Amino acid sequence: MDNSKVVENIYLLVIVTLLSVLQNAFFAHKVEKECQHNKTPAFQRLSCASRNCMDVYPTFLAVMWCAGLCLSQAPAAFAGLIYLMVRQKYFAGYLGQTSQSTPGYLFGKRILFFLLLMCVVGILNYLLVRFCSRNYKEYIDTITSAASTLLLIP
Amino acid sequence: MDNSKVVENIYLLVIVTLLSVLQNAFFAHKVEKECQHNKTPAFQRLSCASRNCMDVYPTFLAVMWCAGLCLSQAPAAFAGLIYLMVRQKYFAGYLGQTSQSTPGYLFGKRILFFLLLMCVVGILNYLLVRFCSRNYKEYIDTITSAASTLLLIP
Amino acid sequence: MDNSKVVENIYLLVIVTLLSVLQNAFFAHKVEKECQHNKTPAFQRLSCASRNCMDVYPTFLAVMWCAGLCLSQAPAAFAGLIYLMVRQKYFAGYLGQTSQSTPGYLFGKRILFFLLLMCVVGILNYLLVRFCSRNYKEYIDTITSAASTLLLIP
């Protein structure tokens, strides 16, 4: 199996993963910088925001990669990109730098739900192909790509 | 590389991953609901249970996927399913809703060990195929499938 | 798609992942052993060290696997191995058993950066192959293998 054949199917997912890693590094850097002034309220907030982000991170990665592998990578990577933007906004809102977001425990639920739905559709399509030899992949791909733009609505 | 060929080898793993994601969402929802009444003992317990579960989550995903890719997906997915049930029981036990489980820091050690063993056997088999051109895959598959039912013993 | 063909491209990555899982289990075991004596400073330190390690774990796995899949697995697995050693040292240093390391919030930044760079180069090479039909993979592989030995410098 040639490497470039594998990369063809996942390169968008890899790019989004790399961006998420850079964002993690940014969060960790922020926390580390505030770490000297331990016990200040700012550090508590930062640490809490970073922890909430990191708690959901494996779930996000798992769902995005499954959606990308089972259905198609472009909408999955697009949804992943929007998730990263939502996370950035959530983190900034937690710091109190902006007043545009109201931090809670969870964020980006809609995007994760969309990715989850993509996985389910992908699995169902695979089972249909296998047991009924019907392939709706093309229709599904079109619908998914169209639906992914709906995520842009705030 | 056709997508459906990839999906063929991983669809059971994807299904278990999706179930685990749903369970994570359930845990997070529980924590969020209790979040308003911060500093109550119930919230502390919930938060602790959820954190312990999330700490092991990446390890579980890594081991299950490696076992599924290196050896065979059916026993790996089955073990993953049982792990999810054990985790549910652990979470419920932590909340004090049932008295059937004794929460500790760790849980599902036996299942993770089984998955780890599957990986090791898969790697050893690959090295045997490559360097000695002997293939015991069929025997191993039978043994693994039989052994995975042993996980049902409480 | 035959399983052994897949395993060929990832078996080194799987081995490093297994080692990291064993290390996680070792950390968790240490924490659990100290768990009875809750609220002692030793437990606080252990728990903090373990949490810092686990926070970066998904990021590490994502970056290592992307680097291994996009470029080549041997240097990625080697860098992963060194990361595990650095993590062990970090954990030991946190416990105060040795005075050779100065624990901070982050560790192994250089290795993660190297893996990140591998991913970026792999993606760029794939895009070059696709859009300009130029393949520098061989040169890149040589350079990467040589560069990965630089990680050994403390």
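Lettered A, B and C in written order, each chain numbered from 1.
Assume contacts are C-beta pairs under 8 Å (C-beta built on N, C-alpha and C of every residue); 3 or more make two chains touch, one makes a residue touch a chain.
Not measured: the values here are computed from a predicted model.
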- Query: Among line, ring, star, complete and other, which best matches the way these chains touch?
  - Reply: complete
- Message: Looking only at residue numbers at the chain B/chain C interface, is the share used by both copies over half or under half? Answer same or different.
- Response: different
- Task: Express in whole angstrom the distance between the two chain centres, defined as the mean CA positions of chain B and chain C.
- Result: 21
- In chain A, the residues touching two or more other chains are 1, 6, 8, 58
- Message: Per the contact definition, I'd like the list of chain A residues that touch chain B in the complex.
- Response: 1, 5-6, 8-9, 55-56, 58-59, 62-63, 66, 69-72, 104-106, 112, 116, 119-120, 122-123, 126-127, 129-130, 137
- Sort out for me which residues of chain A touch chain C in the complex. 1, 3-4, 6-8, 10-11, 14-15, 17-18, 20-22, 24-25, 28-29, 31-32, 35, 51, 54, 57-58, 61
